[in-house]
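The letters A, B, C, D, E and F name the chains in turn, as written, and every chain counts its residues from 1.
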Amino acid sequence: MSVVVQNIRRVERSVCEGFAKFGVATVHEAQGRTGLFAPYMRPIYPGAHIAGTAVTVSLPPADNWMIHVAVEQCRPGDILVVAPTSYSDAGYFGELLATSLVSRGVLGLIIDAGVRDVRALSEMKFPVWSKVVSAQGTVKETLGSVNVPVVCAGVIIHPGDLLVADDDGVVVVARKEAERTLMASQAREEKENITRARLGSGELGLDYYKMRDKLREKGLKYIDQPPDGD
Amino acid sequence: MSVVVQNIRRVERSVCEGFAKFGVATVHEAQGRTGLFAPYMRPIYPGAHIAGTAVTVSLPPADNWMIHVAVEQCRPGDILVVAPTSYSDAGYFGELLATSLVSRGVLGLIIDAGVRDVRALSEMKFPVWSKVVSAQGTVKETLGSVNVPVVCAGVIIHPGDLLVADDDGVVVVARKEAERTLMASQAREEKENITRARLGSGELGLDYYKMRDKLREKGLKYIDQPPDGD
Amino acid sequence: MSVVVQNIRRVERSVCEGFAKFGVATVHEAQGRTGLFAPYMRPIYPGAHIAGTAVTVSLPPADNWMIHVAVEQCRPGDILVVAPTSYSDAGYFGELLATSLVSRGVLGLIIDAGVRDVRALSEMKFPVWSKVVSAQGTVKETLGSVNVPVVCAGVIIHPGDLLVADDDGVVVVARKEAERTLMASQAREEKENITRARLGSGELGLDYYKMRDKLREKGLKYIDQPPDGD
Amino acid sequence: MSVVVQNIRRVERSVCEGFAKFGVATVHEAQGRTGLFAPYMRPIYPGAHIAGTAVTVSLPPADNWMIHVAVEQCRPGDILVVAPTSYSDAGYFGELLATSLVSRGVLGLIIDAGVRDVRALSEMKFPVWSKVVSAQGTVKETLGSVNVPVVCAGVIIHPGDLLVADDDGVVVVARKEAERTLMASQAREEKENITRARLGSGELGLDYYKMRDKLREKGLKYIDQPPDGD
Amino acid sequence: MSVVVQNIRRVERSVCEGFAKFGVATVHEAQGRTGLFAPYMRPIYPGAHIAGTAVTVSLPPADNWMIHVAVEQCRPGDILVVAPTSYSDAGYFGELLATSLVSRGVLGLIIDAGVRDVRALSEMKFPVWSKVVSAQGTVKETLGSVNVPVVCAGVIIHPGDLLVADDDGVVVVARKEAERTLMASQAREEKENITRARLGSGELGLDYYKMRDKLREKGLKYIDQPPDGD
Amino acid sequence: MSVVVQNIRRVERSVCEGFAKFGVATVHEAQGRTGLFAPYMRPIYPGAHIAGTAVTVSLPPADNWMIHVAVEQCRPGDILVVAPTSYSDAGYFGELLATSLVSRGVLGLIIDAGVRDVRALSEMKFPVWSKVVSAQGTVKETLGSVNVPVVCAGVIIHPGDLLVADDDGVVVVARKEAERTLMASQAREEKENITRARLGSGELGLDYYKMRDKLREKGLKYIDQPPDGD
């Protein structure tokens, strides 16, 4: 059955904004190394960094009709997540759809398929993380669903979940875990700031993390390189 | 048999120049969603956009001899198209060949294999769309052909066909279709300008494209998200 | 057995510095078209160009413990080379490890796996050539070895070998071949400067390289395109 | 957190057995074209066909410790489903683990990674669907979880769900949908039996499915091949 | 425009039958190493070997409607060739369509996408060469064309061309080249029979093919392995 | 420089024969989980299992000349290992070369590229492990080397090393490690026989391997599935 689920519950705006300063790696670690999209999801231009709430689209290969349906469900601070039901590298999305999304305050697009008009999108500063860049046209013949749970690039996304995307890729945080993960991200960042300072001053990680004993117990040996008769 | 076909018929220069302002996606759509190269063909630097006539090269894997032969057949406004007869990711092409092509007025290279010296090529502003960047050297041992029909990245290119390449990839337009496709591209662009303005002002695609009735007929349902007992 | 080999013999600093002006393609050709890493190894940002000595790490999939061990073995002018024992696209390396390496004068990282914090690494100007960008976290549970011979992206690297990396990829030069290859690179560069000038002035490669006779002997035919009845 | 969820609810045995005669394609269609694993999941030998209940394992790359934990949770009629948290092609599973599973009445293994000892497994008639065959050894260092929801080869599996696997691949049916899907599969099979008889007698699908009018409306044209001047 | 081209000219039946004893490698060599499909095209079961005339289908990703249209255009001795307009690994074809094709005397299917019901197809002895096995269902919404030239797995096929397929893959022979290629295949086979006998009796290829002088001229050196101090 | 190294030292015949009963997984584990070829190396037919000494060939992409040279260097009990200097999926090897190798007592071929005539090779019972099956023809234009160290499918092979290949893939054992690895394989096999009997009788690996305490220490929790309100 094809449905559009309206009025979804979303992570609160203030929580999303709290995530805006944390990178994907930090958030992924802070929630126990989960939620990371497969690494083939790449940004169309470097330097973008967004955090927002998921509006999800499940649709057929090479058919972008449901993206048009999804636009109406978007609110400021949302990120559109598009997952075809089987493999497609067609170009589902381009400048016109981006124009619509920008007018609704959408922060970006995450699509397990292709995107086109990437020059125009880069100039508009509308960020997209996609499997591929492709101009291949799509049709508008077959229904799908909006705001149902989807698997995108190997992870489950529920509508209203939090997404963070930057040059490292994309990570999802479940809606009910968002506040806890925000605090954990903050804690991790603070700890890393200290570590960075120590390592930057020349202290070895071996000492800072107190690894030497454990390495020895596991059996690591240090030897000198034998001569080679030069 | 290995042949070099000379004095090929080409799309007229004025027609090529007309295409210079249309992106790959526009041209691909304007000719009925055909002619698009596989999306693994990527530019070596962002922002290049060319339209010109194909000089084609069919050659062996990891042997670039025929590119040297092809240079002589190039004229200003041409684009070189190189297709190995079996898979190769060797680096067939670098700065020296680019220097030759620039001196003959060639606009760029499209190669279903590897390219090298990409820093130098970027600085020369000589654009290349390739399957891969690779410094792997090639030999000069085995013949191929110049200006025969080739399959490159999944599409057929005849010598003299029109090619358009930008950040979205590469599209070919058959020589005899070039004028008709130019007009269709122009028409499409004009229509998109209007659409963009309407969508940018906040009008929904669902309304602008009058999709609501057809969606309902196909059976799309709108429901509210059920409560989850938070 | 897991070992850390200390006090390895390295290509001399002055020789490494001599390579700093030669690109990967030049060095690869100068040593007889060997030593090139597979072309999936890509830089995280364009424009980096380094030449230095290899400190090698062999480690398990998705476990970066041995990188921490390797840091201590690095000296100014080194390049860290990381090769998992089976396929991994996890993110073994990020900003903190880079901070350590920078403080030891390491020039960059070459890793047949994933890297993260690429925005921060780009801003630090710490170059990385990797198979993939991935934020996927790793563990610190299983030993590996430092400064043993490794196969990375299809080539053998011995500790102390010379590595050159630029936008074309990465090439290794065996330690004992470094001086000879430096001279051969210099000779090749000089020859190419002359060739570039000649080709840039419009001379055809067919003539400059004296290819026409050999092509004729092999059987290459020149024909005119037959009319197509337009 | 690493957990083992015990005493999971499973699709009833009689329902599973009802599925044993339906192929993956039939079940996938009967539940609305959902639930199909990515097609890279291939059987290690042809002709196996199983239907059973999922015991799920989420574990680290190249670490098979949790499979040993999962064995204890298996009952007759179960199928083990193994999903690493990041890409791995290591050989997590071989003859010894299969011996354990057989002794507990497990029907087969579905693993989004590598399997080894495939000759022995084939001789034991213990079927496996995997991403790859690989002898690469794994470690036992890091925890994971058993009987939590996992994403395997692009689909979500909850513990206790129904799995059907044959030469076409693998499909999952959600536990609460199993009975309904069983009836739908039965209905589809009956309908196909009639269709098969009609098509086998020479009746065209165009007529049997009454497609001709719709094709004409969409604009399909029939033309004769023009002469080519032979 | 979507068209069905009827009454295509085909390679004569007697010529096709002449090819039935030649393998793909022989035919590919006999016509000058052209016409070979990309090696990802694999048979669904070993041992099939067919030679017949192409009925071609160009269709959208994940939409198999045009295959139903193409069935009507098939005659005994034909082979159906199916090429999506963009990448798809959906399962376009299964037992029911095979039943139709068998009733029309079609020899097999070659599809640059997925096939399903492979167990049933194997039992029917209906051979298929495909990119992938996949049960993923398709829709019937969008037109394509029958008996137009297509690019399938990297080669151009015109309707009526000859196709040979065996365990090595698939090769196409242009209609007008079929007789000449048949004779060349025969000649090659005879020559190979002699060579096989000579090599089987222990004569070295180096001598039989008289390679030693040419190898020496190119600079090949024979040395003994230096001692390694065991 | 292109060389043929003659009279290489090989693992002794009796040692090779000792390996003939051990599978690839056993040998790989017995030597500390090293030496395994990448898993894309697959046998052309199931059930082959060989152990022999490596004659290595380094050659250009799509050029099989050096295989003809290598035949002369082979002795009974050898296995030919072929590694192109850059990626190739061409069909370097077929029935005629196999006829030569069989007449010299060679046990099989391992090639990081394509093989053809696979039906004939299967009927001859000449086993091949390759990256791909491909009929694509090769040339004989460019030299390479025989019996030099090569990297094949990610591992280093020296001439005379021991190779074991079965349905799981291929593993290399360094010449000087062969005897020690043979004993370790024997020991491992004996231990596994005991384990197999115990696990087959229903004993859990958790108990047999005494894993429960370590799992608890690492923090594994056992919980019951919460009710879901059915």
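What we mean here is this: contacts are C-beta pairs under 8 Å (C-beta built on N, C-alpha and C of every residue); 3 or more make two chains touch, one makes a residue touch a chain.
Nothing here was measured: the structure is a model prediction, and the numbers come from that model.
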Those chains that touch chain E and also touch chain A are B, D
Based on which chains touch which, give the shortest step count from chain C to chain E. 2
Would you mind naming the chains that touch chain C and likewise touch chain D? A, F
Count the residue numbers both chain D and chain F use at their shared interface, divide by all numbers used there, and answer same if that is over half, different if under half. different
Angle, in degrees to the nearest 5, of the Cα rotation that carries chain C onto chain F: 180
Taking A-E as the reference interface, which entry in C-F, D-F or C-D shares over half of its contact pairs by residue number? C-D
Computed distance of Cα centres, chain C from chain B, in Å: 29
With chain centres defined as C-alpha means, what is the inter-centre distance between chain B and chain D in Å? 39
Which positions in chain D are in touch with at least two other chains? 1, 33, 36, 85-87, 89, 134, 136
Every pair of chains that touch: which are they? A-B, A-C, A-D, A-E, B-C, B-E, B-F, C-D, C-F, D-E, D-F, E-F
Where on chain E is chain F touching in the complex? 23-25, 28-29, 33, 36, 39, 42, 46-47, 49, 166-169, 171, 192, 195-196, 199-202, 204-206, 209, 211, 215, 218-225, 228, 230
Applying the document's contact rule, which stretches of chain B touch chain C when the two form their complex? 1-9, 45, 65, 68-69, 71-72, 89, 91, 94-97, 99-100, 102-104, 114, 116-120, 122, 132-137, 140, 143, 147, 159, 176
Spell out the residues on chain E that touch chain A in their complex, using ranges where they run on. 60-62, 85-90, 134, 136, 139, 141-142
Listed in rising order, chain F residues that touch chain C in their complex are 1, 32-34, 36, 38, 85-87, 149, 151, 154-156
